[in-house]
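The same subunit A turns up in both complexes below, where it pairs with subunit B and then with subunit C.
Let's look at the complex of A and B:
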């Protein structure tokens, strides 16, 4: 069963038909990459899954997105706080709050009233350990997070996302602001996190999609052109348009 | 959109074609040396092997560079993989041509055992299979590649027939024919192995074009 299932999903920005009849299932505790040229709708698709597009004026969505079989446009999930507790997001540029490292991590816990304050310390440690920052930062927890390196900031943002124990982590170009070494470390981290989370990553970097993901979807002009095992997509894509894009013949 | 990478892939194709033509020539000359009992032709085959070996190394190195520098995917990756496998098959074929040339040298030193009829037939099948495998590669012709794979059975059957004849009609009846019959048996074996390598190339061509692995899976043809 798919963790996230998009059924006949359509999205319009005003009159612009940005997502066209997307049908796609994301496997649980797998990393799925969405690739495609700029403007193909891959970030829009990602943002549907935690309803980030709701704040964009003139957006209209049709179809269904089921998470654990529950439509996110309906019922309980109309409480967006609840949805975003379940579906965390990591952005292109690391965006820690101008607060201490500690406060960054417990921020979500406070918003969601998830746990008692006395448990905060343990969760801060656990979250920083899972992004491999604990040893470096355990004596600097009350320093401002804005003083960290870019890579550390991005790790902190991932720690902040997983502190509230979501099921799904959406990543929108999470390494594009990082140098190759930091990129590699974040990719390694993703592989480790996979055992606990369903990860969906949008990336321009095809080698990154190939390295980190198990499934890949290729989008073009708002349509999902092809979806399959990453190894199949990168060795023997079925659609000519996928072939042209991944071999750099597109455009 | 034409990429700079496409020029490099064209270059790789040229290398493979160059190697294939040298190998075809070596096989042809080794068979002629055997048929015409021409020692100098046999020596020419043996001497030509070094150039083919060097070309194999050059192709492998070029492929590794392309993988490292261009990070190929999809059809580009399948083509480069095919090139790396096929150059090994071509190199083995050239070695087998050398083997045939060496057997020819041994046979030339002795009186003929019998007129050669079926061995040249087997040689013709082998040469045809090699040529067609290369043609399938050049023209991206899946049907021709399939034909090559299927004709391997014919080569196997002819090899069995010739070997039985040499064993039962000659060696069993008259043990003194062994020094001449054994090299001929080996020649059939070498020719049949050439057919196997041509089959490998044809299977790789099918993989390159259709991304379908038919090696060890004849039912997928």
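Let's look at the complex of A and C:
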């Protein structure tokens, strides 16, 4: 059974048909990669699952997206807070708040009053441990997060996301601001996180998709061309366009 | 002519223009300080005026000015910030919004005497607050609103979009996002703008002339419904209406007024430079 299931998903920015009749399912506690050339709609698709496109003016969505069997585009569905707690997001540029490391991690907890203040310390430790930052940062929790390295910042952002205890983590090119070494480390981290979270990652980097993901979807001009096991997509693509893309004949 | 010579001439002209801009400021300060510093005594600052304002101090005028400025910010800051939040965070770009923006720009250009007459008509007469600190503060607040709104909008706009995005993605509502992820990071900028606008208001005469200013009051205001003496108007009176007043007293009064305005500006500059240091996002 799929954690996330899209049925006949369509999305328009005004009159521009950005996602065209997309059908797919993301397995629970797996990593799914979305690849495709620039502008094909990867980010748009990702932002469908936590309804971040809602803030864009003139967006229209058709079809169904079921998360745990609940259609998040149903007319009755309006609990965006609950949805976004369940579906966290990590962005392209590491974007910690200009606050302390500690404050960054408890940011969501504080506003949501999810847990008592005295549990904050435990959650900060737990979150930092799961992104493998605890040992480095345990003595500077109250230093400003802007002083961290890019890689550490991105890890911190992941920790901030998982502190709210989501089921699903969406990552939009999470390594594109990082150097190759940091990229590998974040990939390692994703493998660890897979035990607890369903991860969807958008990436420009095909090696990355091949390395980290179990399933891969290939998009082109708003359409999902092919979706399947990563191994199959990269070794025996069914569609000619997929083959052309992964062999490097597209931008 | 050689290029380097041309360049030297051009730079010299630019430098000259810069100096000419600075010159009046330096002159004003110098003249006021030179003529006024002897008059600045503890007594001058803390005593009531006596002998038909020829002797004694300017204490009530200082108090009146501070009352007025503080009360006006109580009105204008919350209103200005809320308007700025609406315009920057919520308003769609439609005709109404554009009209509002146009109104704000025009409001900033209205001359201060018009605000004074408006305050007289609305607060003093129509709303029956009388000539009082309340009327004066409201008039100054309205005069300051466009400046505060503009400064607040700039401060809000300088908060990166990514802060809002992260915040929404963590499940905060739009209002929670503004409250927790935008406003806290805009506050130094907002305060800077507010203080600068207040400093200007503190020195204005026209808006307070008909709404609050008393020629002479032998006591301090007891409530916001009292009239008050105010520094700029007091300075105007002792300079034009009262004969045989010593030059020193006049300059000392100007010294105090400029001093208050200058102190406020310094505060604003300090806040802003602190902000610059912190702001590395």
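Miscellaneous remarks
Definition applied: the second predicted complex is superposed on the first by the 246 of 251 C-alpha atoms of A that agree within 3 Å, B and C clash if a C-alpha of one lies under 4 Å from a C-alpha of the other, contacts with A are read in each partner's own complex, and residues count from 1 in each chain.
Just so it is clear, contacts are C-beta pairs under 8 Å (C-beta built on N, C-alpha and C of every residue); 3 or more make two chains touch, one makes a residue touch a chain.
Bear in mind the structure is a predicted one, so any value in this text is a computation, not a measurement.
Shared-chain residue A:135: touches no atom of subunit B or subunit C.
Within the superposed three-chain arrangement, the count of touched residues of subunit A is higher for C, of the candidates subunit B and subunit C. Of the two partner chains placed by the overlay, only subunit C lies in contact with A:84; subunit B stays clear of it.
Touch criterion not met for A:38: it reaches neither subunit B nor subunit C.
Looking at the shared chain after the overlay, A:160 reaches subunit C, while subunit B stays out of its contact range.
By the touch criterion stated above, A:181 is placed in contact with neither subunit B nor subunit C. When the two structures are aligned on the shared chain, A:234 is found in touch with subunit B, with no touch to subunit C.
Subunit A uses no single residue to touch subunit B in one structure and subunit C in the other. Per the touch definition, subunit A reaches subunit B in the complex via residues 206-207, 210, 234-237, 242-243, 246-251. Within the complex formed with subunit A, the subunit B residues making contact are 1, 3, 5, 71-78, 211. Those residues of subunit C whose C-beta lies close enough to touch subunit A in the complex are 92, 160, 162-163, 165-166, 168-173, 176, 180-181, 185, 278-281.
Against subunit C, in their complex, subunit A makes its touches with residues 50, 52, 55, 57, 80-85, 88-89, 91, 93, 95, 97-98, 107-108, 110-112, 146, 157, 160-161, 164.
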